[in-house]
Each structure stands twice: as C-alpha cells, then as structure tokens.
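A, B, C and D label the chains in the order they appear, each numbered from 1.
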C-alpha cells in the first residue's frame, strides 16, 4: 500500500521535529511537505535545522532533503495537496494564538485537514479535543464543522494540553464502568520539555523546582470537561463533573509529566482492587483497531510502591501508555494514585499521530 | 553570661553535624559534649568526622578538639553533666527506633534533658512534639512526664517530621483566628537531604523524581493532629481535625521541602486577602520572647506567582521561616497555597535549637 | 540456527541486568543460566530482582522464569554446561578482586569460557583486555593461556575500564595510519552509572561535581598500554607509548562518559582534516564481519561545535559507537578533541557481548 | 567615615544585581546611582527588577527606592557625580562589545572612573585586566591611560573572564617563588551562572554536559598572558609563557567553576609538598592592606582526595578564595591539581569590588 503523503507545519520547531522523528518508518504516513517560518523557507530541512536538531537522525532521513515551505503560504500547501503530496497536515505552529487560529482555518478552508498540537482552537465550540482512547466519537462532529464553515474536505481537530494525559484516561476508564468521578485534586510535576526550547532556564532547574506554569492549571482543570462532554447541536457541551483543582509544578526532569491525584467519587465507590483491574483491563477503539501508535494497553498498572518514575516509565509501550502506581485509598477523598505519561510523545506528537490514525480509520482523511 | 554547656548525641551524623554547625556562635548554648557510635568513640571530633564533613568549618572549631564519647555510655554523659559540662543534650541518634527510645529514656532518667530530632518518641503519649510557634504550651506536660517516670531533672521533648513544617504553622495561624481547617490534601516535593547521607542514589535523582518516601505520608497526616491536640490527664489527645491526605515525593533538590496544599474550611471561610494578612501578621511566643533562633516573622508571604522556590526561599530569616506563595482560591476546596521550609534547619536541627531556647525560657532546662 | 545457550554471573546486579537486557533478541546467544549471590540463589530471576529492576522488561522475559544459581557453585554451572545449557558465561560478578579472580579461574578450569566485565584479571599477564575494534588479535593468546593453565575449553578474556573507550579507539585509528601518539592529557566527565547502584549519593550530584573517582585515573592511564601492546612469549607486553595523564571527574549525568583530550604526536602530525577523515573512515574486523553488536562506524565524527553531548550522542548506533567532536588543533600539544561513549553499553555489557561475538567468530567458543 | 557614593551600570541584570547584593553593608562604598536600559529608566529599582530578582533582599534595601537612570545618558551620571552622588561606577553593562566600549569611554571622559566586568576593553592596550592579588601594579598604568586619552579623573580598569581565576592565582604564586610555568593544559567544568539569565536552557543541563562555551577557550588561554605581562611604553605587553590550552565545558552546577590543570615547569620543578606550602602561605597586597573583600588566604589547599567541590567549596572565605585540591604529580607534565572559584563572586562582582578597593587604596578613586 502506498503511504499517505502528509505535511508538518512548524516543522523546524521542537514539536515539529518530534513529529518528523516519530513518523520515520510510520506504516501509513510519510512526511512529504514541511513548512516553517519565512526565515527557514527555501532551505532544505537539513539546513534549516542545522545546529538545533533535538532528535537524532531527522536531518539524515529523506525529510532532510525536503525544501521547507513558508507556513504562512497556504497556497503552496494547496498546490502540493493538489499534486498529491500533502493529504493532511500536522500543525506544530508556534505563533500567537490568533495567528495560529487564522492560519489553521486557512489550511482547512483550502481543503487540507489539520491535526493540531496547538492550543489555539481548543475552545472553539465545534473543534474536538481528542484523546483517542477517550472521546474518539467526538471526531464525528467533523461533518457539522465542515458544514458550518463551508469547508469541503478540510477540518480541524486538536489534542489537549500535555498535563492532562496522566489522569484523564484513568478517570475515564472508571467512569465508563459506571463510577461517577465527582471531584479531584491533582498536583503535577511537569518535565521541562513541556516548555519547548530554550524553555526553562537551567538556573531555575538545578537544585530547584518552580511551583508555577503559566496557564497550565486552567487547562488542567477545564480541558477534561470538554473531552468528557457531549455534542449538542453541532457544538461541544462540557461535562458537569469532575470538578478539578490543579497545582502545576515544573521539576528538573527532561520528559514525563507526573500527576499525584486524589479522587472523590459520587455514588458507589470502587475498591482499590477493582480500580486496578479496570485500569489493567482497559482497552478502547484504538486498541481494537490495532492502530500503529496505539499502546497495547493504554494504562499500565505498577505494583511497586515507588513507581511510576519519569525516567523508568515514560517510554512504556512506545511512550504512548499511561503508567499508574501507588493506587491506594485517600485519607480525605476516596482514591489516590500517581499517573505518568511522556509529555512530548503521548502528550504531544505521538498523541497527534494516533489521532490522525483514528481519523484515517473513520474515513475523514479521504 | 556564661554559656550553657550542652551535648549532641549522634554528633558525627548529618543531623548531628548540622547541630554543631548551627550552634557555632549561639548566644546561650555551647557544645561541650559529643557522643556517637562506639566506632567514633575515643577519637577527636575532627578525626571522627574526617572525610565526611558536610558543613564547612565544624572540624576547625573548638568542637573539633572534643573527644567523642560513646553515645550508649550514659554514665559518661552523666559524669560530664555532674561536672558541669552537659546541661542537656540534643539527640540526633541514628539507630533502630526501639534502641533510640530506650537510650533517650536512659539519658532522661540520668537527669539529662533530651531535646530530640528522632522520631522514636513522637507517639509516646506524654512526650510533646513541639513546633515552637504552634504548641509551645505542650512543653508544660514536662512536670507530669517527670512525675510519671520518676525522673527528677530529665525529660524528653521531640520535634515533628520535616515534611509538616510547610503547612502546619500556616494552618495553625488561621485556626488561631477562628477559622476551622476541616480537611486538606497536600502534595510534598521533598529535598534529598531529608534522607540523610548517602541517602537517595543519584541514579534516582537525575532526570527523575520518586513518588514515594517510606512512612512519610503517615507522619505528614498524623503528626499535625498531636501538635494541634490538647493535654488531658497527663497525656496528649489528638485534635479531631484537620483530616489530611498526603502525597510525598522525592525531587532533585538538596534542601527545602515544598508543599502544594488545598484546604477546606468548616464554618466561615477567610478571603485570600484575609489569609495573607493573617499570615504576614502572625507572631507567637518565640517572637515575643525574641528567642535567638526565632524568625522575625514565622510566615513570609510572597506575592510573585512563581514563588516560593527551594533555592531562592529556603534560607529566608536564618532558614527558620516558612515561605508561602500562590495563595489563591481552590477550585475544589476553599484555599490553595504553596509552602516551603528548609528541612534540615527549620525542619530539623534549627527547630530543635528553637525548642531548647523555648524550654530554657520556660525554666525546664534549669 | 539454534542459539548458543549462555550464562550470566552476577546476573541480578546492575551490569548483570544490563547483559540480560541487551541479550534479549540477540541473534546468536540466549541467556539460559543465571547465577548470583547465595541470597538470590533458588529464587526465580524475576523474584530475585523484584523491586530493584533497572532495565524495563527483563523480569517479564523468559529469563525472568529461570532459577538463579549460586555463582560460587561452579559445579552447578558445569552440570548446566554438560547438559548443553551454558556454552560460556559473561561475568558481571561484584565481589572482592581476589574472590573474582579465583572464581573466574574456577569457571575456566571447569571448561566454561569467561567473558568478563570485572577488573580482577585485567593485569593478569596472559589475559587479554579486548576492545574488539582495536586489539582483536589479542584473543589469539587463548591457546597459550589454556596451555599454561592446563585448561581444555575454558579461558578468560576481559574488557577494559569504561573510562578509556572514549579515546582509545580514536587514537588507535590514528596509530594504524602511521601516526605516533606520544603523549596525551585527558580529562573525563563520567556518568554516575559507572559507579553502579546505589553508587553516588544524590547529595553529591545536585549542583555539584566530584573531581575524583577512586582508582580510575590509574586505569585510564595504564590499560590502554596493555591493549595497544604486543604478545611476547605467551604474555602481554605493554606498549611504550602513549604516555597518558588522566583527570577523572564524576558529573551529574546518568549514562555517557565524556573525555576532553589533548594529543601530542611523535614524528609527522596529521592535519585536523586528515584526523576527521581517518576517524570517519575507520572500520575494523567487527565491521568487516558484520558482528551483530558492531556499530556500522566505530567512530562518528560530529561537526557541530557543541557536540558530543551525553544525552544526545550516547545512544548512537546501538550505543556502541564512539562519538567525537570539537576536533581542532591544540594550543599546547598537537590535537584536541572530545570523545563520548555509552559507559554501560559500549563501556560494559555491550562491549562484552561484542567481544563474545568476536570470540565466537574466531572459533574459541566452540 | 562617610561612605563613598558609587554607581552601578547595568544594575538590573544578573551581574548588576550581584553587585547591589554584595555591596549591601560594604564598609567603604554605598550604591547611590543605578543605571540600566531605557526600558527600566525612570522606574524605582524595586519596580524595574520586579519578578526577576536573583538575590534576596536587594529590592527591599535602600537601593530599591533609587530611580533607575538610563545607562546611555552619561550626562545624568555626570550630574550625579558633580552633586557628590557617584564617585565611580561598576560597569555590568550587557550590550554589544562596541557599544560597551564607547559607553565606558564616555563615562571615563566625563570624569567617572569605570571598574568594569565587561569584556569589551580587555584587549585595549592600556586598560589593565586586574586580579588584585596578581597584578595590582598594573593599576599604575592609569596615569598613562588618562594622559593618552586626555582624561582628567576618569579611567577604565576591567576584570578578567571568570574561567581563569581557578588557575591563574595559583600559578602566579608559583612563579613568584621562582618557578617557571612553561605550559599548561586545563579543562574547565563551568557553572551555568556564568552564562547569565536565562542563559543555558535546562534541557541542555539535565542529564547532560555541553563541551563548548563560545569564546571561552580563547579567553582562558590568552587573558592570563596579559595579566602576567609587563607595562612597556604605556601599554601592556603579554608574557611569553605559560602557553595554555583550554577545554571549556558547561556542567549542571549553579555557581563555581572547576579547573583540572596539568602544568609543565621550565627549569627546576617544585615538589608537591613545596607547591602546597607556597599556596597555603601565599598572600599579596590585598591581604597586607586588609581590604574588606580580600580573602584572608587567597588560596585554600584541601587535603581530602575528593575536593574541591563546587557546592562545598565555592563559598570559602566570602566566596573570594581559590580552593585547590588533588595536588599531585602529573604523569605527562610535572604537576596536576584541581582549582575552584566562585564565578559570580570572585570571578565577577566580588572581584570587581576588590579591584575598586585596591584602586581606592592606591588613590585613583580620589
């Protein structure tokens, strides 16, 4: 089977590079179009990233020889698309939110589906925020989205903030078994790669932690409600629960966001053993379909009392699984646990790729 | 005024060294007796610590020339006490809990008051667990303790675990103003010095965090209840509230324990502005008495949104203050904040010294 | 082709685990025998390593079900060997040097070849210290070694200290082209994994470096001379040059030893461009034979001015390549460069496996 | 005695803040004038540094209330000087080299002496690069400098790069005793504070080192030659020796530059014991004069085999001493040692203050 040619917007940035790196040898997709800022445009990808490559081997691959287009030049992508060289794009754009929103709209209007990592469209009422194992059915708003915008083949889907993966999927698994998750208090210990490059200064991360990440607590509290919400009249309606309070901290870890979570259930409460069994058994559509980037088990339960740990667990199952541990009763709420995910794979480019695989399966990518 | 001669048990260990270091130039106390394991006994303190000094200058001081006694040899301390060379001891013993308990009892029985850092006696019913600004009145159980044991001049007081300083004093300040603190969920990010030396392996602390510290969550949840409790019939009775749930994590920080706290009040709830004012204004007996190790303000309120940070705030006011920041409403409970204290000064040896100053003022040290 | 059954001595330790991990899916070898201390003996490998697994997945593999033998019980290995379950052993023993030497001798005497990671036999006159790309011909002392000891099938070969890989192969490549390397001054920045687990305390590695590693400078200076030496009368004779002075430092890096090297040549001196070409072109016997663990190119030359870096370069080519960079003239000697290798793969278990592959090819493993 | 009012240029930057912090309570100098970029001008120092204070307490001091001037407005400084509010300035300007050079010239021309931290003037032929204990006599070029420029009271002196303090003073001490230091090869492990703030990204400093610092090796090799040089005809003439080759690395340490040094002597060679004695005994003019920022002993010799270490030794003697350790013969050259200094105190602002104290004593500051 011929691979589907795809594009990456913001291809020279850190998340863009992560996409290029993860898509090497992808069984379905092949990067054939790369776009970045005007400064990089016209150079080979290899030259455009010289001296700032974060993932080994990306410049030496075939992508290294691609000529970088100007991401603001939608017509170039459109031409490439018409010539059969860009069936859809991953957006890893790094600009102001308004600019990203406009630009992603322009790509979609030009008939190019956008699978985005950017936060710009997360609160657009008819744009789904997808975690493939949780709300895959939200993708089915796409026809309504297209209709409302007058778009033919284009559409926009986004992935959520990297901080919420460590608890949203585990909580969803419990909800699916009939347990109401009413409230949670979560403290995250987040890796520096979440801030990009150069990102967090080393003077702030040697012998130190920073108990604040701008905008992160709001995202951590609100995005799960859209993901767990419903579609009503062509728009998303937030779930009423769980109520979430988040404390977000930056810690001296390269990759891997850890979350310490206390959960209060409404109605009946599962035992610790039930919770662990539900999590260990949890599978969803990506697993049933055997999507290439789907982890075999979306949730890995560790029994050791000192796990999960970022360096030991972030890479579990292609860095796409959530690892949970320390599952125990909470002295104030009902349940406590620690969740961990790889923030730049599962929480960024890998999650985007899995979303695209899901969309391909559902037929939205042609 | 002649200084009071004092002893340090476990003087060669890390906490013992911290005592020696902090007591250099103390206006009231002077280290004149040092005791450690049989292995060190008979050597000069300088020789006994050679190659494992953690605090600069301690071996070069007068203490360096003291001959180390065997900590198990209570009669040696007793002789020193009778000769006017050891009015009381700071205990930084590192042994099994039962051994420490017996040995501290033996010192007290021999007429030597014990101001302890060890956890062994924390749950002994008539031994006070002191935070000088919070429960200084608990020291007044000493006569009953002496009477019950048949001790004449000796007694035992202990300090709490290092993890609880970052939230217990702030919460007490609110309680004192009439606010009922009903429940709290707290996640700590604790420094490696809390585990002593060699303590936590570097392979666990480079690009990593460990979401578990043995026994720490239990201490963090239960010790505040004794501290906030009352004396009834010569024994301590735990406070009924607050109910506490703790998540304790080890992070790559040398010194300084950070706590992310969500608080639920019973009855009326203070505004964020009231909370900050209560904390900024809080003073207690150690401040009124002007005790040498008392911070001018026990609670420092920072307004920047990214503070407190371990490296920037742990040394505030002789490393004896609690620094709080990010005071804001909680999306689930009522109030959220971040608290930080220096775990080996305020949370260990410095706290012990302040306790001794308080006991001296109250007349229990003769 | 049926795989060769092999054993790992010291299998539960960190290097032993590394062997188990790297040998998973090895095309020639299959771990069928594991031995460790008496404490672990009799348990399944999974149980024996529970709670101290450093490499994900090793306990879940088939090896996890093997029953751990007592490493001191050579007869057990001998029985396994006779039953066709242990053709040779990798030694990752962690004991006193004299004990290791005796025990490795006993295995060899029992007819079991020993490919060792331990330093015990490095200065035994007829035991080769192998870097497969450098002195593969030193393996040919094995018949003389066997003859001298009266051993039939058994023999002992060892690998060098992990600190020397980053400069010995590059220097050998230059020597092979006729350049005499007369003197070098080398400063290493070594990863903490080199000290095993628990190894270096985190209090020494947060905001700190330690400019000393016991015994490491001597090894770094002397072992290359044996490796570059000749065989005379059934024993190794050290090379006369290069004269080496080493400064060895421990730095807060998990894996990857970096060496800053200044080289003085005797006779004619290569230009920087020649040096880079020699290194980039260098191949040796393992490459010609296409041994499974041989890197495609033993030396990778990077042109960026800030490379090699441990986190970016240590995993190059299965973590088996030496990455060099900053190749430039030296203001005092002739040439300067920075070399980097993965200390626990190329510098330990991976190097041992490559040595075994070489020995298999040469016919010494039956 | 009334304190001398002084100014700080670039006062809001990291080095500028370090000056403000160190000068608090200085017995001779008092900061009365602060200047920074146009962006900060007109604000109080407290407001201008809000949210980016690196040194606790600087905003709360009297300096916090000073109104920041525009550093480009020399006439403002001139007016302040005439009004008795700015006898000289410390320059911690952060701009392009040419701009700094011009601006420092302008201040000097306006009659305001400039004691600079910037590198801009280091290679100006008649500007001394001062290490107070080494080349204090170089200050005596000031009359010639003034004459050549037509300056009345103004002049410019600079301090060297922070990387060279760890070896230049020890080597000078040996040279002063008649030993010729002919060549040295030095590898530095430099702290991130040397790169300022934000400086080095944390992604480069977690589980990593970077074997390159732009321009640092050149400075490390050449600046000592000017410092050890002579004055001929109103200009500095470099010393012919030592020939220096430097490898400069960035390591995950906040403060404290470590240097691993191999030294070759010409002529007679001192024994290790002689070297240690010369260093332990070394004193120079600042010590004789008892200048406030002069360390009691400029060189501290440690006998432990694992010292100096940045976290344990950088603060020795007000962070103004060089700590040396591991003094031993070199297997290639004659002598090896490890030197350490605090790069932002001794190597930056503290060194500048000591230079000013020296200049005051010599009468150049009026």
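A few notes on this one:
Keep this in mind: a contact is a pair of C-beta atoms (placed from the backbone, for glycine too) under 8 Å apart; a residue touches a chain by one contact, two chains touch by 3 or more.
Model, not experiment: these values are computed from the prediction.
Of all chains, the one whose mean C-alpha position sits at the greatest distance from that of chain D is A. Set side by side, A-B and A-D show the greater C-beta contact count at A-B.
Inter-chain spacing, taken between the CA centroids of chain B and chain D, is 40 Å.
Chain centres here are Cα means. That of chain A falls 44 Å from that of chain B. Distance between chain centres (mean CA atoms), chain A to chain D: 48 Å. The set of chain C residues touching two or more other chains comprises 204, 206-207, 252-254, 311-312. Chain A meets chain C in the complex at residues 51, 56, 206-207, 254, 304, 311-313, 315-316. Considering their complex, residues 54, 192-193, 197-207, 252-254 of chain B touch chain C.
Residue ranges of chain C in contact with chain D, taken from their complex: 183-185, 187, 189, 204, 206-212, 221, 243-247, 249, 251-254, 258, 260, 262, 305-312, 325-326, 330-333, 336, 338.
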